[in-house]
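So that you can tell them apart, the chains are marked A, B, C and D in the order they are listed, and the count of residues begins at 1 in each.
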Amino acid sequence: MTRVGIVGATGYTGAELVRLLSAHPGIELTVLTSRQYEGVRFDHVFPAMAGRIDLSCEAFSVNTLCDKADFVFMALPHSLPMQYIPELIHRGKKVVDLSADFRFNNPAIYESVYQSHVAKDLMKEAVYGLSEVYSDRIRRASLVGNPGCYPTSILLPLIPLIKKNLIDLDSMIADSKSGVSGAGRSLSLTTHFCEANESFKAYKIGTHRHTPEIEEILSEHAGKPISISFVPHLLPITRGMLSTIYVNLNKKISAEDVRGCLHSFYARRPFIRIRPENQPPDTLYVRGTNYCDIGLKLDQKNNRMIIVSAIDNLVKGASGQAVQNMNIMLGLEETTGLTLPPSAI
Amino acid sequence: MTRVGIVGATGYTGAELVRLLSAHPGIELTVLTSRQYEGVRFDHVFPAMAGRIDLSCEAFSVNTLCDKADFVFMALPHSLPMQYIPELIHRGKKVVDLSADFRFNNPAIYESVYQSHVAKDLMKEAVYGLSEVYSDRIRRASLVGNPGCYPTSILLPLIPLIKKNLIDLDSMIADSKSGVSGAGRSLSLTTHFCEANESFKAYKIGTHRHTPEIEEILSEHAGKPISISFVPHLLPITRGMLSTIYVNLNKKISAEDVRGCLHSFYARRPFIRIRPENQPPDTLYVRGTNYCDIGLKLDQKNNRMIIVSAIDNLVKGASGQAVQNMNIMLGLEETTGLTLPPSAI
Amino acid sequence: MTRVGIVGATGYTGAELVRLLSAHPGIELTVLTSRQYEGVRFDHVFPAMAGRIDLSCEAFSVNTLCDKADFVFMALPHSLPMQYIPELIHRGKKVVDLSADFRFNNPAIYESVYQSHVAKDLMKEAVYGLSEVYSDRIRRASLVGNPGCYPTSILLPLIPLIKKNLIDLDSMIADSKSGVSGAGRSLSLTTHFCEANESFKAYKIGTHRHTPEIEEILSEHAGKPISISFVPHLLPITRGMLSTIYVNLNKKISAEDVRGCLHSFYARRPFIRIRPENQPPDTLYVRGTNYCDIGLKLDQKNNRMIIVSAIDNLVKGASGQAVQNMNIMLGLEETTGLTLPPSAI
Amino acid sequence: MTRVGIVGATGYTGAELVRLLSAHPGIELTVLTSRQYEGVRFDHVFPAMAGRIDLSCEAFSVNTLCDKADFVFMALPHSLPMQYIPELIHRGKKVVDLSADFRFNNPAIYESVYQSHVAKDLMKEAVYGLSEVYSDRIRRASLVGNPGCYPTSILLPLIPLIKKNLIDLDSMIADSKSGVSGAGRSLSLTTHFCEANESFKAYKIGTHRHTPEIEEILSEHAGKPISISFVPHLLPITRGMLSTIYVNLNKKISAEDVRGCLHSFYARRPFIRIRPENQPPDTLYVRGTNYCDIGLKLDQKNNRMIIVSAIDNLVKGASGQAVQNMNIMLGLEETTGLTLPPSAI
């Protein structure tokens, strides 16, 4: 049984990995690292897990990690993973990195929005972990750069339409809304209960660092440079992300044609659910699950397609997709450990 | 002192009128009607108001209303006001109607999305109550059709830009998000706590009845028929509405130019607050107030302007603007009774 | 494999049964009934379940139910189950009833707070489904009356202390707080988002119908009639229940002694988690799970023990405990299908 | 017109003072101090106040403060006010301190739960600012120690009953629940949105520092040392506090008698609203207001009175009562600036 370690286990994406992996039948969780909680039992940091996990948090050490784990999830802030991962790969480990460090093909783009990159060679080997789109490459990868939450919610519905040349590439607008857990467990006024509760706002309008990530992948599929208007907003909910995407159509086609395009692209992809027209997605329908629900509506008068996608930002938008990628990398069934039943409320 | 009646006082917009008018120094609240709570003290229906109001709810009667009130707010579902208002106007009363019945100039548009109209003559006399834009007409009006909440949040930022011919009229998209109180006090699964809490969704995509209301007013200012893509969403908050509006620019202009256009259009308009670039609007900043906060950001790469406006859907989006219109109709200072201090949280 | 039916599958406890049973490895879900949604696919009523269940809702019919199911969950409002269950039992089915109809031993008590009972004989055969306390009886039962949510949260910590004669039986006070889902999916102003959000209140003070249910069970364990002050409150959260219980101690004993009493009573009971003193329960720690977390604190100056228990009102407080009871009745491992991993947030 | 300064204006109680005083007709706000935001316009720290206040935050300086203000609110964490206030009093200023520094008569009690006190003499002169109970002393005071939020909600209903000798002084239990704003604007995991949202928990069980504050005042009115069991809980709402109080009765009396006792004690006290039996308090009814709503229910079987009180923790529980005390100290009408209309939702 594959032994798995999580580096940065006490942030929200780390803890979500623990939740999912603690119930995963195909692997064994053997190492959890945390700088802040070194030496503390994981279930003392997160009492919800009492009785479910017997590990304590350790300081990060490459040697210990390599001794105890065959597969590693890096759940650290960007700039740290690129310092540690080359050694892990060198020692034959497989890695899914949840930061932005290995999401980009083009180092210049990464460096223009993050900072200088110290492992550019590895960057080229890394595979972008949008599971449904890149599963063939992921299967053969040693290192997967797990997608950002916003990019996941925007790319999954758009890529099939771009590949089929259905949409005007100059017209794309993504109006996205994320639950507060997307901002992580670090403290800030933005995530203070009293400032987020009963509040709704846009932030980093046109400047969010997920924009170039989205554009690099879209450009790859379009075969030419693509630009998108992307505006993130902060929702007063813990989990959930919904993107409302506006695109002009290249020709008069029906919503059913577009729905058919998505259906055929995602046939046999259990985590993509194309919604019927009268039942648009709701973040509540995907809460706690790895689903991406996609709805469509043709705005006929304006010849514009309106696409709505919903994910749980911590699951399909982060840790769930990371586990899905691990499953693919390990040759397991893609859905292993990810079939927790959804809840009506 | 003007005696004021509220027809339909126990819905949310009615109760919000009571809140605002109970502290209004220039009028006297004399009649509250409610079919459901006839004979019940208002502060038994809404215990928050205990000690603040001494009226009981009455059944609606034109005669009683005309005896007791000089000015009437109609806070009933559409289709009812058009049956009652002609008589009130005939008897010399001034009326602000919060339903859709008197918002349209063109009966055909109204009838295409609501139902047949029984007071088409009066429809033409009625003034659209977007206070900052139509104050001159409102001043002379006997009947004001108070704007919808979504139209208010979308029209206030767009009208000045359209008048200055700054934007591509074929490119307008409004992605709007509303708190649950916008759906009123009637019971439905949509507004059940467990279905709205921790949920976010789009609804009536491209089919919401506020779309033709927005388009009629925009067309008037553009001097030609205009169409807009409008998608409303439901936010898990009680009060607040935020619209994120995307428009292509006619020429290369800066966000500061657009901001200047809004500043000069709304100079001396105390309820419009143009936000600095680094402080975009937040529904929390306008909660409980009659403000409309507007932020701007130029998406230079796409030559697109991104406009964000925030209002409290029950105040500037309904009852507050209704009181503002009353003030204008009565020759009072526009802000009378509407200067309740905003709250930081 | 046991074939299972749910009567009343589209209320919240019914839907929660579907969630839990859809992932239960030891049974097969074969019938879902719903008066309101007859003929509608279950995943159209609850889109969260799309791709996870292929059943449509049926009208209730004893014959169909008996043909298709060996085991039946009744998730109907009280007064209905007592009309249907006798026939089901007569035909050899095993039944867990989630209403109050079969929770009481004494028909007079039931009738004093609900209505007249039409199956009093069966009432005496039914076993009260507080799983950890009555597992021996449950194992042999054909009919289990599943406990109320408030009683579950109050009885689990109190019964061991009463059996050990540690507490003054005249001093018991339970101050309980429940999430809104406890009120069910029926529409009411109380559960309207705008009336529950940002609100907190007590209700049915001293008159809630769970009081006699609690008192009957406590009296059984005390060997004499017992009375308790019980005040329920409504929390603005979807799921979760916390009871803060105040009891005077019979003698000077430490919190550790009381904790030890609970530990030994609930040894080998995986769903009861006794919390360490510095980590009191939080509804968030048990959300979506079948756990009951119990914390203790001695108020030395007043010689009073303060006990805090937390459950998810829909799981351990309703459907989870119902499944636990089914497991016991079917000779399965008590935890089967109930080991979904808890979530940190 | 009295010139007023606020020391610590950018915490939540400070900002709430600004909200209330910005609309107060009898004073002029002249100084706001903030260590963190020195030099920043107040409406940049709290954009809600844009257009409503023209002051910038200053560093704290006794000289500047004394030059610019006649009346000072101290909204700093405890231990700081006692260092600054003696000099302010010496220079003839009147002061309301919102910290715990001047709430106690007995320095030993203060020092046992806070830290050593450096202004013990002044402590004896300071008046406890429970406005309705101590208005005569407040009227003559130079320094008022503004009560804690929990004590306010517990003392207001209990004092009249103790004075009338209606309750068993050994039986008092207060189960209190507070909105998150009670924890202030400082960052902590407890107030992180994701940890507070959908959560409910008890904290500092039996050890909260408001306990001795409550007990000192109760003891004064009882004429002997009194002890109470007090358990605070954290509610996932921004504003609001509800205390459910359990007391055994000295003799058989009715809820109406107790209600009458409260009514006569608080006659002509506009901020105390005694609720009818069928309409218990709700935090929503007092949100944003200075009201304390009190409900009563006799638990006849147990001869126990159940009292429920609701306040807005930031208004009557802090800044509103502070303004009320200022009004009394300045000889203004007690309600001046505090009559903002309550909101139904």
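Just so we're on the same page, contacts are C-beta pairs under 8 Å (C-beta built on N, C-alpha and C of every residue); 3 or more make two chains touch, one makes a residue touch a chain.
Everything numeric in this text was worked out from a predicted model, so none of it was measured.
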Number of steps on the shortest touching-chain route linking chain B and chain C: 1
Chain centre separation in whole Å, for chain C relative to chain A (CA means): 37
Length of the line joining the C-alpha centres of chain A and chain D, rounded to whole Å: 46
Length of the line joining the C-alpha centres of chain A and chain B, rounded to whole Å: 39
Junction residues of chain C - those touching two or more other chains: 12, 181, 194, 198, 236-239, 282, 284, 287, 345
Chain-level touch network, classified as line, ring, star, complete or other: complete
Complex contacts: residues of chain B adjacent to chain D: 12, 15-16, 18-20, 22-23, 44, 46-52, 181, 198, 238-239, 270, 273, 275, 279, 282, 284-289, 291, 293, 339-345
Contact footprint of chain B on chain A as seen in their complex: 170, 173, 175, 177, 194-195, 198-203, 205-206, 227-229, 231, 233, 235-240, 242, 244, 246, 280-284, 287, 295, 297-302, 304, 306, 308, 310, 345
Chain A partner contacts - residues on chain D that touch it in the complex: 12, 180-181, 185, 187-189, 191-194, 196-198, 236-238
